[in-house]
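What follows is a pair of complexes built around chain A, which joins chain B in one and chain C in the other.
On to the complex of A and B.
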């Protein structure tokens, strides 16, 4: 085991030395794990950093344990080339949050050191990344978002293929004469910034444009997508390392809006139809005359449970713009805007103010009751207007502001076991939690921009496309290095599957949040390594425990649990906390940084995601005599905060299994609990832990204690 | 759709008129209701749950009839609490001010006279009519500026001027009466529980009151400016208005006494300074002067970004009152200083402005004095007795003012009697009717103009 020889550095700075007996810790590490121990008063200082590096050179020891501050700080000091470094958190989670120089605090520190050293000894260096062949970025959709994304990627130095379904570039904007203003003073409609984008794309040496092309199939993985497309009746294939999905939107089907008068009269039209008229020489005359009264019906089919339950966020400003254009074309016309609310986020409020200034544009809040023929024209009735009354307006022309429907489905035709479409977060938009996954979809290496991701204005699409494009360019680089994308950016480890034991239960393939696993005909999982985000959900899911990373595995975690010394004294508690590294673990660190005190019986193991919790962890802990297990994961549900989408939710589902296991072991199910925490729960956590300890005390000691 | 639904027909000319009269911010309103809850005056007074907000909506929608027949437009003192707090800069106070101007115009006959008050172009015309009448009288009867001590009745023969004054005054009174009648018939009386109209009274208030209570409440509010003083943004204006307002009954008393003296043949110009008529006239003039100066100063201090500095329409009334009082005193002091020629011509100018102020009463902003009184009564009275109550309150108001005037006259007479009893030669009555320097000159000729020349009567 010479290669597994470990070297332990114990820092006594930041109060660690006062709270703990460093010499005793070192003695145990040397005795139980054969570690060479170095104690230093200020390890993160220049002297400490130099010392570690010099000794690394001299001794050639490849496994270093740093028992000091949390692994979340000072990463640059303690990261060494060709070296496995394990950070043992003696500061935030031991010295700062427990009574100094007590037996229990010392015991906690000892267990922390043991767990860290076990993990270090059982970890190994990553295997080289699977080679990938592609560096090109494919942008799907030639509208304003796609054009912008293509330019951004190309300007970042990558080759781009821009694939557009229509025979021309431009998307919807090609039909728009004007858009709402996106530059100060945000007062007058602007000509869309399309022509220059199209010219720039066509002239760019690194952008290849495919017009009239549709994707038949996209197979493979980031770094090696194989995309089959059809152009002019012929199928062809192209390779890509990353994909930007900018397929845009289509207006909600107005034929479903009979209750708003669509189809009742040819003079009930949609906003998109009016847009086309405005582009082609102006709005229609009605019965050969300029319309005297035009009514815009906002939220036509939007914010309506029977149609689109959401707000498309741009219809208001679109109608405001069209109202101004109509007033320019027909100076005598009265224009009514019948709305639920006027929603003009950000600077578009200035534009709303501008339109309000027009004395002949009238804003009516209310619910549309009917749009019906009335003599030669139309009568729009609305209930619950500003003063609670019902009012009606005569109209020559009625414009329905229909909402945005994303064009996400059936565009990429992914050849994934989990289905052909990019999963949606809400309402079929190809989106993920925007904080955890900016611009990313739930398919690794595929980035969404523009209205396919979220309803937004032209300015929003441009910004979105820049973000998505740069994320795609960055992804190409990372994947080429074999490194993970967000949130474990740069992680070089892949999961490996010991398939001889696989029972083809398909849990891993079904639960993988990113569709990383395909299946062969029998149902055996097949990893597409570059689709993997390294969350370990498959590891938690596998009943055969055959999924592992070289530095994160069932064996490593269970060995860490077994390294916890459970005293035979029944009055001394031990509690295992399995904490998600993204939110719960930092929250514990923050509690420590505030010197909040909580039970020293707590032993914390940081998990990549609560979704990687295998039932065996809990079974092992309980059978070792640990009194209780607390799983701290992210919020789940509609407003989830899990960095891996549904890890904590999966963990909570597995709690049923856990209860069954506990029942088999004849242990009270209350001993294991899952709590959802966010990073700002640092003030709640100490009490939560103490309350759990008190409940466990009420239950009495774990019956397995002392076995 | 069984319920008959109101079909919106925006009156775009009405919107343009509101904009011209200082309500250009009306369209900025987005109906948040901040004005409703920040109004310390009108909301507190009427517990009207959509006050200001609904007027803003009707204006933005161009619903002229609804906006102008709502008595709540007169419940607003334009104190600017709403405009100061409006998150949108919609300046409800200024918009409602414009609505009041349009309401005055709505009831004015002939209406073109009211339109003259909107535009400075017509100012020469407004002043020219009284000037022509007075100069016409001069030309017809006596173009000579008399020599010797200034005696105004030697300058203008009183009986002809009086006849002309009464004819023109009669026309103005007819126009006022017509306006009040139309106002009374059209005004939408408060309906308890209504949001879409005036006076949605709060549940804890009686929806309708007995008439005597309404009268007492309305008149005491006007007399003390109790509601007006609840305002937090424009406090100086409240006092300016109160002081100016009290100048007017005093000037009215002076005028009435002057008229009375004329009838019984007392030569007014020679009356003592402590004559009740002169005390009332000078004190009234002083109050009006101080008050109007405060109001003018306040307008100069206004913040254009937050609320308007006033339109020409508003300024016209302020400057007319200022000119009245200023020219009145100037006439008096010029005569005292012995500037004979100038005194006569200042007198003509003064008469012209006085004429312009009061003959045009139904056409300009000054009409608010009776429309507001009637509207405040209507808002307090509720819908119980119908429009008649409004009339009753107004008549009671006029009676109350006259009664107060009578009491004041008695007090002033007592003061004068006491003063005369004192051994102060300077203040004693002279032997002859010829004035000395201390005898204010203007009074004697004021008789012909009757109520048109309150200050001149001093």
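On to the complex of A and C.
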């Protein structure tokens, strides 16, 4: 097959022309790759952009290489319809960070051009993704978050099914007469905005409500979820394109709080129990009399390593509200709020101040040690943690502000090879662990909202639900176009598996961070393309090298590695850097933008994720005589920053295989190293690269050099 | 006349989120930012809590999405002069101040820097340090193009940059542009500004005592590309700090200043405590809280930082900061709410955890009768077709601003589809 025709534009602006011999680069491109070459002094300027477009129109060449600045800048200038564009970084990572007009810098630029052209020739246009059938958004959970999500999505023009396991809508909020205030003047408890939401949902022409329904199985993928649910004893099926998980919370099991008197005395109750009493006519009398002393015990089971280590976020506000309501019901009562910190963020501070104005509500800071019967009353003993001083308060009624526990498990019953639940990073919450994209669960097309995602107030749930609803509606749109969701949003490429060679080793199905792959009876992977986030972890995992994207494959990357010219002179080093495109590669660009100098032996290939590193990349590099390979990926561990959750961690685990391969090749293991970097590391990277080069120099040349 | 389905006012985290999420749903968006770069306040932060990851990591992805999405048109140095109409049919008059550097020609090569003789205070670094009158706001600036500060530039009489620019990108005669934008919906994400520390000069020494800085400035001191290269040096005498006190609720939860809680400062100071412990491993850190407000899983972060033996947490409101003229040492005095006694800590630097002030919202949409609460936060359901998002609405952290911006996008889409 004749190589695909390519056209190379070399920009000589920004010092590239002074640092490099552009004509020599062009000559090699023409000679080795048959490229038509155009050199221009200001390619990103209006004239350059026009020139490229006019020539694209006239010549019809669909493969353009732009050897200029980093692909991270000027994307708008160099993006053309129906055209494959490969950006070759001669500015930030060549001209700006290496000695100008030297042999080594020129050699680096030449290799960069070769790698870019090889990639371009071997890349192809995406094939349309398999068509999907569904456009409906399924909202699971009919509490305030689910109701809001359903309503907001329906109002934006999408069809919605709201599925609730109880026979009525409303969730926990239906038990609440009042909530803490979220509108000015933020001083008095408010009636929750529930009834009008329920009415609006029930009346909405685009919302189908399923009550008393539980999901038996959710199979398929975004755009084509097939959800089996049970309602009134019958199983039925519905189709959905995206899912909002709003299954809410349940109170922490107070029977585990015996030391706080729960179950010991009937007058020790939970905040949720008090809430129901307040809603249904008022709080209980104690021994037939109005209580004279009520103690609220905050963080009952929350902020406690033995129970819930996290803060449940809403209990302070809830107790403040309940204290006020109790004082209205029992004007003689004294109310004590025992707390570690009062957490009333934002304008809720006004409500806290309002409650403090009540002369019979007292705030005591301390850690409650025990609640025990004392005569006919209760004695609440607390320790001031800082002073070691004990305090004791007599109470008729004790209210335990028990925390909230997410209800994420066993709700969707996903028919996924990796299991039925949305994986949780922390304490069973279905959160994303990302600050910048909070709604992505580890299951594509499923977005969590409300207390199942994190503990939050009613107002917080309402805000949260709109956001998760947006992401679900957006998923419907993108999937229909065959495009990837976050973080490679809009990417039209997806992986294909050449299954004839598959050995059913299951590495891909086990390692996919998003559970995109199922297995048939024999264990052969079955891709659900719309569950895929296009990270290429499967491509890195596969020992048979049978996973590829049309523009990103084992063949493309190994061909790029093979395009690196390894000099026979043993004193001239070559180092391959495999850099994650999300943090490591941009950090290298930033180092270049500051004109930080580092070894010109470095040849960088940008990867979608370090998790897509296949051991063959390293084996090929080393067996070609490249002196060392440095893998630069995102941080892993508890506070991982990998955009694909565990890509960089998987890459680090594969280093064992790498060492084995190196041993087989009789090459020192020190020649391959993995480093975790962040965007902040632009100042550390040049030194890191130079140090690696120095260590490789100490090891001496790669024994395969010259073979 | 330009038009878009949705106009987003403010290019910080909430505004960027709203703009990109709406565009990725298929709607056209015009994003207006008053500064010469996008990213807002987060762009100036060193790290985020609780993961201690750099904001540039997230912004890199945000900017990539922006650059590759033709549905978002963004305008920097752009402010709204007037808005007419209502939901489904707004007309937004925009004033775009001159950058004096053509963004389609500038390559950020930096040739101009070497010849520019004029200087200006570096507002990106909150006035710590100076830049040339022609400057790249930040190494990650979006757009990655230079700008000229007309207040500092010597103008046509100098014009050295014009002569040296290889790409003819500089036009010192550029005039302000006005244009009208038709839109069906508006997202107001005007963000916040740090509470004015001058109001804390008397009590807490801000602006009066060298070594007393606010929390946003401390982010720049810790940043590798900041004015000190990430060294924690005391402004004034440049001493590398060995001890530090964080004063929480500096102007927040205070009837004389901001009555509300700014919701992010506790975690912000705990995060900054980690900068100190990382940079100066022997340094002693004091944090003076009224209450430590670290909701949800942030409690893990609080527990981790507070467990550090060199991080001492106190409960009590700081009443006074004084300075020893001889040594420059600062003494923080608080009423300990646990003991009722006065506590004191003498340190090299004091960071005031000043709160978030939504003041930019007041001028953000002239012509519209927006409804505000007593503190200046925009009421969410005050005006059909206008959706406040982020700190314009109430104090919130970055993650919540992302979520709120995302939710605002959905509400804006409802205006577009008429739902």
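Basically, the second predicted complex is superposed on the first by the 691 of 707 C-alpha atoms of A that agree within 3 Å, B and C clash if a C-alpha of one lies under 4 Å from a C-alpha of the other, contacts with A are read in each partner's own complex, and residues count from 1 in each chain.
What we mean here is this: a contact is a pair of C-beta atoms (placed from the backbone, for glycine too) under 8 Å apart; a residue touches a chain by one contact, two chains touch by 3 or more.
Everything quoted here is computed from the prediction, not taken from an experiment.
> For A:392, select first, second, both or neither according to whether it touches chain B, chain C, the two together, or no partner.
Touch partner of A:392: chain B, not chain C.
> Could you tell me if A:126 is touching chain B, chain C, both of them or neither one (first, second, both, neither)?
In the superposed model, A:126 contacts neither chain B nor chain C.
> Applying the document's definition of touch, where does A:370 land relative to chain B and chain C: first, second, both, or neither?
First partner only.
> Just chain B (first), just chain C (second), both, or neither: which does A:342 touch?
Touch status of A:342: both partners.
> Of the partners chain B and chain C, which touch A:362 in the superposed model: first, second, both, neither?
first
> Residues of chain A touched by chain B versus by chain C: which partner has the larger set?
The partner with more contacted residues on chain A is C.
> In the overlay, answer first, second, both or neither for which of chain B and chain C A:474 touches.
A:474 sits against chain C, while chain B stays out of touch.
> Under the contact definition given at the top, report the residues of chain A touching chain B in one complex and chain C in the other.
342, 353, 365, 386-387
> So in the complex, the part of chain A that touches chain B is made up of which residues?
334, 336, 342, 353, 356-360, 362-365, 369-370, 379, 381, 386-394
> Touching residues of chain C toward chain A in the complex: what are they?
21, 24-26, 47-48, 50-54, 56-58, 60-62, 64-65, 67-70, 104-105, 107-109, 139-140, 144, 166-167, 224, 253, 259-263, 289, 291-300, 303, 315, 337-339, 373-375, 377, 379, 394-396, 398-400, 402-411, 413-414, 417, 419
> Show which residues of chain B lie in contact with chain A when the two form their complex.
1, 3, 5-8, 10, 12, 15-16, 19, 27-28, 30-31, 50, 53-54, 57, 60-62, 88, 195-196
> For the complex, which residues does chain A have touching chain C?
Residues 13-15, 41-42, 44-46, 49, 69, 72-73, 75-77, 79, 152-157, 183-186, 303, 309-313, 341-350, 353, 365, 384, 386-387, 426-427, 429, 431, 433-439, 454-456, 463-467, 469-471, 473-474, 477-478, 487, 489-490, 582-583, 586, 590, 593-594, 635, 639, 641, 643, 678-680, 682-683.
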